[in-house]
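The following pair of complexes shares a single chain, chain A, combined with chain B in the former and chain C in the latter.
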Partner chain A sequence: MAIGKTGEGSAQTAVQRPSRSKLRREIARHRSVYLLALIPLVYYIIFKYVPIWNAQIAFKDFMAVRGVLGSEWIGLENFRTFVNSFYFWSLIRNTVMYSVGKLLISLPLSIILAICIYECTRPVLRKVVQTLAYLPHFLSWVIMYGILLALLAPGDGVVNDIIKLFGGNAVDFLSNVHTFPWVVLFSDAWKEMGWSAIIFIAALMGIDVSLFEAAMVEGASSWQRVRYITLPAILPVIVTVLILKLGTILDAGFNQIFMLYSPQVYSVGDIIDTWVYRQGLLEFEFGLATAVGLFKGVFGMILVLFANWLSRKLTESSLF
Partner chain B sequence: MAESNARQKHLKPQMQNKKVRLTAADHTFNVIVNLFMVLIFIIILIPVWSTITLSFRPNDYLGSNLEGMFLPPWEWSTDAYTALLGNDGFLDAFINSFKILIGGVFCALVLTIPMAYVLSVQSLPGRKVINLIVIIPYVFNVGMIPTYLLVRDVGLMNNLAAVFIPGAISTYNCIIMRQFFVGIPNELKESARIDGCSELQVLFRIILPLSKAIVMTIGLYYGVSFWNDFFHAMLYLSDNQPLPILLRNILLASGMNEYVEVNAFGNAPVSAIKAASVFMSAIPMIVAYPFIQKYFTKGTLLGSVKG
Partner chain C sequence: MKRFKSILLLTLAVLMALPAFASGSRESKAAAGTPDDPVSIELWFGAAVTEAGMIPEDWVGYDIVREKLGIDLKLTMLPSNESDQDVRIQAAGAANSLPDLFMVRRPVLTNLVKQGLVAQVDGCFDKMPTRTAQQYDANSIAHTTIDGHVYGFASPGAIAKNEGLLIRKDWLDKLGLEVPTTIDELIEVARAFTFNDPDGNGRNDTYGYGAFVETDATLKSYPGSRLWPIMGAYGVEGLWCFDSENAGLNIYKPAFYDFMVTLKAMCDEGIIDPNWLSYKKDDFRAAWKQGRFGIMYEQNAAYAATANYAPFDANFPDGEWIIIDAVTGPEGHAAIGAYDMNYRIYAVSQKAADAGKLDKICELLEWMSSDEGYYLLGWGQEGVNYVLDADGIPVAGDLGDNAFTGPKGQVYTQLRNMVFYNGDVELASRYPTYVTEVSGKTMSALTALREMQAKKWTSAIGSGTMPTPNADVQRYYDQSLAEFLTGAKALTPENWQAFLDQFNAIGGAAWNEEGIAKMQADGLIR
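What follows is the complex of A and B.
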């Protein structure tokens, strides 16, 4: 045992000595690669690391005239203001509610859509639905807002026309606190359902056809094939998607909420990001807004790292 | 050969295997699947159709918008479109958006491709450090205010470049692209190096020609995000506004006069002009979509997160 160890050790030192010059040779050989990395790395330092440096104003009483460095340190004051404020819990609740709600609605929908696209017996229908279902993903939330206006406007929206046709009263969907969350959840499902289905369709395409043939020889019905072959085949993908979503649970969709909300629905519509925007760039409370952004950033980081670790543990695949 | 063919074509095994008889349960299954597909088709189509028909609404139309969805095309009016196309503000916004699109995609690809390639060179000493430099800001996102201060400090305010420069490398896109580059057989790169290619030549002569799908896909992702961006434009630009900002102003105005001088948009109904500007903003996406669709499905599958 002891002999084996010393043998290993001497072998290591023997390897190490030439490896240092080998390293130098390797670095020299990759000179041009480093050169290639230079401009992107400078970009990273300026546009990704300077903001991290700027984030120190979360601990400062930031004044624009004094700049980032000149402003006075005030410790955790900004964080204390945020945690003790009345909006703290409502912001967290809205943020988590929207991300979990979106997941609960669009995940089952996109799985069903993927299975239906895969199983569809009519090629033309399949092609048309597939193409049309991906399309809304490419439209901006400004365009989506325009579409929702044509659909939901209280005076002349199509949905309210239908409600009035059946004798109901027109509803202002976008400025009613009861309907607003549903508009957010379902408009997101409408926009992203097809796009989220792609990853499941990809998993379905990878299923070994002989499984289906064997199942049919054994007399399995279509339902049984879905239950025992298709669903188990995409289960690992579902787990991966769930885990990755866990990492971004504090991102509830800034662009969407920002376009759709209005002061009447702040109580149910405001999420962390929209609040940071208003506080920072409309009220000029840069320090407080940055503190809240940093708060979100730290929790987001913990969640992403945890999700990545969990993903590596459970599915042996991870983002980085 | 026959098997791989069958795998590609597999969407209904019993089509290939005619001996299997469909049971009643199978028929119900097929009917439900097809009905669901039709339902999805209708659900996606209705909002789009109501917007399109609204944009062609004539000024003297009296019925409800629900009835308007079934108005025959020969009663449609193009007033809203002629008004929009005749408006200088709209054309300027279109040109600004186009500049942001071209500049943005160019900058993004010029920065992302080398970064992704560098991260894909497995033998590179210090690759882990570079990887860390790229990952840290991705995982630790400090929010919008610090970036806003940076853009202000470097003097990009009210410059079209401010819209795309801060987001010119998306780490996520970079990781997808790296994943693709890693998948290219090492022997190809090595043999090129032995033949005397520099790394730059390896990138341009070997890697890029093999990576058309992923470059198109990532370029598309960037293009869509720059074309659709309204938030950064709103933060950083006070004039020279791109299309999404103009569209947002049009949509938020309750009457057209609120944001442009009276009669600037002719005599089309306000809601028709709103719908027409929505449709006009979406047209470039809709036109480009079929051409790039084959690339993104291919590229998304190739570069999917499973690594």
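What follows is the complex of A and C.
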């Protein structure tokens, strides 16, 4: 993913555009690279672009036997059903709350972890920390639920045992509307922090080492090196990640919420995707499910475009 | 370069065309249904032993149905979790690629019928005399009848009334308490189990009542069936009431509020295991085997089958659960729970019927219920997977791992739920009497079952066919009750009335009316 500089740079690029024959020669010369690129390209065409055709069922009363084209056109009825649902605003609020919350908690933690791993001078320790940090990513939310229950159960959870040891009352973290959102946010951070840090570690590896050496010669402290070299150097990557995350702002993590939530915490736990699962998939309302998916996609795209524009204005770096 | 571009284009075109063939090639001509030219039948089934694997490729059944029926049987095991099963079937339905014959739950069947994806099978029963006599009675046929037509074969499923109210007798004896007979006595015993150290370990680590939230869309409404013995004391067990005086949703009965007050008081006092709102089924079952609580509602085999009872027996050789009568409430009501007839539905896709496979499917099902099919699917091959005892009951004998109960043999019985109908032979074979390893007790899940069935139950037959609400109404119902129980919303008569008013406003009243109309139309009101 290239980060393009705006302004004069783009004009220059336009002037220096290679001729068609030169482009062919370039492709022929790097054909192995293009062949490699072909695999994800084909994947995206088959699994991302071809299905867009089926998005039209968002505007139809979809009947499987009639197929996509044969189903009755009902305009925006599915969108109206979603928007007029009793819990619409609650679903939007919860979804955005978890998405933004995960962004605010997980992103800084991932950056901090990446910097810590990068700055660590003991290779063995670094590898151990890295492995331990990545590990939870590979656990399913079913297993994570078991771990969380062992930690947080009100009867015999480790955390509640400690609370009771100090004379406090047990808290049912998973069934309490005040604690449940924090459990969701921090369990996600715990699970994904290590994995998300990979991209930042990769960016850190690209920083010119001589900058750090020069800073040390000048007497810069570790914190000053992070502040004046590391963070500015990985800022474009942070912006890229942020922009891409905004595109999925209405994806709050179905698997996690579906495993953790229960009727006691529906008011703070039910998100768009869990509602779609219950109302769309289980009730065979595929038109409705598609309409909500389309709604999320369009909303995400608008946010990405806006964030890209804002980033270009403020930091002179953008995704496209 | 030109050649390279052509290859690229061709590769792209082929890859893009691949999804068009994703659902498989269409048969170019109708198969004859002979061993040489067999009809292909794809069957998606519910596994009998969910933790075991798929039926192996070398299963003798494949050859038998090919040779005798001219059927090339293709089996696919559905996910064990009901929700996952639903999603799998719904997704196949949405793509119009349902298999020829498939297991399906009734709410999903209703959706598929609306979509025109399921074949009518009204005329099939006469073609399967043995199987129909064994498995499909009038109630079963009514279960899959929608708008006057039959859309599936409903076989007997889980045994009705196979759960019971159990109490730790050793704890009662230690504390000098009698078996409770009223709801007040039950609460008193629960209190003693919580605060009087019934296991004598000197630690405050036990609770009175244990449960978890086990709900479904038509019978086990929130807070779920594990609380049924308490709900039964107030006459509000089950989602629907089929009595002529109070027909409709039980939630409208004033006694439901009284039940909520009692349950809330139990929660507040801490005499019900506080983990009950977070437990999943396995957590709950692990908890009673670890001696966390002394009163519970549990299924016969989950309690008394060899493997299930063994951990409790090892942990508490002197421990003893007994099955007790339903406790009586303030108005004289008592019930262990509500029961419906349980069925496993197998439906035929419209595609299969259009391809002329319906008769072959009937032949297959009829063969399954023949002596040959019944024993092969139920227990495997005689001498390999089972032997017959003196009473003619299939038993494991000395067949070791290859026995139908062993790790290698049990995979050959994955289709047994398609032939079992809870007959005496099956029950005697499934629930043998045994002696526990550590304490030497004589146990039998069959005896437990018969004892549980003899208790007082409330009939809710027809619940499985009742309408289900939309997701918003269902959420409001569940969430509101949960909030009352957890204290997020104060449980007062005013708030309860406000809850009912709002419930009615968002669709609860319409759901109730639709349900009553369905009861009247189907003659379910008693």
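Methods note: the second predicted complex is superposed on the first by the 202 of 320 C-alpha atoms of A that agree within 3 Å, B and C clash if a C-alpha of one lies under 4 Å from a C-alpha of the other, contacts with A are read in each partner's own complex, and residues count from 1 in each chain.
We adopt the following convention: a contact is a pair of C-beta atoms (placed from the backbone, for glycine too) under 8 Å apart; a residue touches a chain by one contact, two chains touch by 3 or more.
Just so we're clear, the structure is a prediction, and the values are computed from it rather than from any experiment.
Enquirer: In the superposed arrangement, does A:V50 touch chain B (first), chain C (second), both or neither?
Expert: both
Enquirer: Could you tell me if A:L242 is touching chain B, chain C, both of them or neither one (first, second, both, neither)?
Expert: Neither partner.
Enquirer: Name the contact category of A:P40: first (chain B only), second (chain C only), both, or neither.
Expert: The answer is first: A:P40 touches chain B but not chain C.
Enquirer: Figure out whether A:E26 sits in contact with chain B (first) or chain C (second), or with both, or with neither.
Expert: first
Enquirer: Going by the contact rule set out at the top, does A:T121 touch chain B (first), chain C (second), both, or neither?
Expert: first
Enquirer: Tell me which partner touches more residues of chain A in the superposed arrangement, chain B or chain C.
Expert: The partner making contact with more of chain A's residues is B.
Enquirer: Which partner does A:A233 contact after superposing on A: first (chain B), second (chain C), both, neither?
Expert: In the superposition, A:A233 contacts neither chain B nor chain C.
Enquirer: Contact-wise, after the overlay, does A:L281 reach chain B, chain C, both or neither (first, second, both, neither)?
Expert: Touch partners of A:L281: chain B and chain C.
Enquirer: Now for A:L103: first (chain B), second (chain C), both, or neither, which partner does it touch?
Expert: Neither partner.
Enquirer: Between chain B and chain C, whom does A:D156 touch in the aligned arrangement: first, second, both, or neither?
Expert: both
Enquirer: Let me check the overlay on chain A: which residues of chain A are in contact with chain B and also with chain C?
Expert: Of chain A, residues 27, 46, 50, 145, 149, 153, 156, 281, 286 contact chain B in one complex and chain C in the other.
Enquirer: Under the touch definition given earlier, write down the residues of chain C that touch chain A in their complex.
Expert: For this pair, the touching residues of chain C are 1, 4, 8, 11-12, 15-16, 18-19, 83, 86-87, 90-91, 93-96, 107-108, 111-112, 114-117, 205, 207, 213, 222, 273-275, 277-280, 283, 292, 350, 470-472, 474-476, 478-479, 481-483, 485-486, 488, 506.
Enquirer: Provide the residue numbers of chain B that touch chain A in the complex, in ascending order.
Expert: Against chain A, chain B makes touches at 3, 6-7, 10-15, 17, 20, 23, 25-26, 29-30, 33-34, 36-38, 40-41, 43-48, 50-51, 54, 64-67, 69, 111-112, 114-115, 117-118, 121, 123-126, 130-131, 133-135, 137-150, 154, 165-166, 168-169, 175, 198-200, 203, 224, 227-231, 235, 244, 247-248, 251, 271, 274-275, 277-278, 281-282, 285-286, 289-290, 293, 297, 300-301, 304-307.
Enquirer: Of all residues in chain A, which touch chain C in the complex?
Expert: Those in contact with chain C are residues 24, 27-28, 31, 38, 42, 45-46, 50, 62-65, 67, 85-87, 145, 149, 153-156, 170, 172, 174-177, 262-264, 266-267, 270, 275, 278-279, 281-284, 286.
Enquirer: Which chain A residues qualify as touching chain B in the complex?
Expert: Residues 23, 26-27, 30, 32-33, 35-37, 39-41, 43-44, 46-55, 57, 68, 112-113, 115-123, 125-126, 128-129, 131-136, 138-143, 145-151, 153, 156-158, 161-162, 164-165, 190, 194, 198-199, 202, 205, 208-210, 212-213, 216, 221-223, 226, 240, 244, 254-255, 258-259, 273, 276-277, 280-281, 286, 289-290, 292-294, 296-298, 300-301, 304-305, 317-320.
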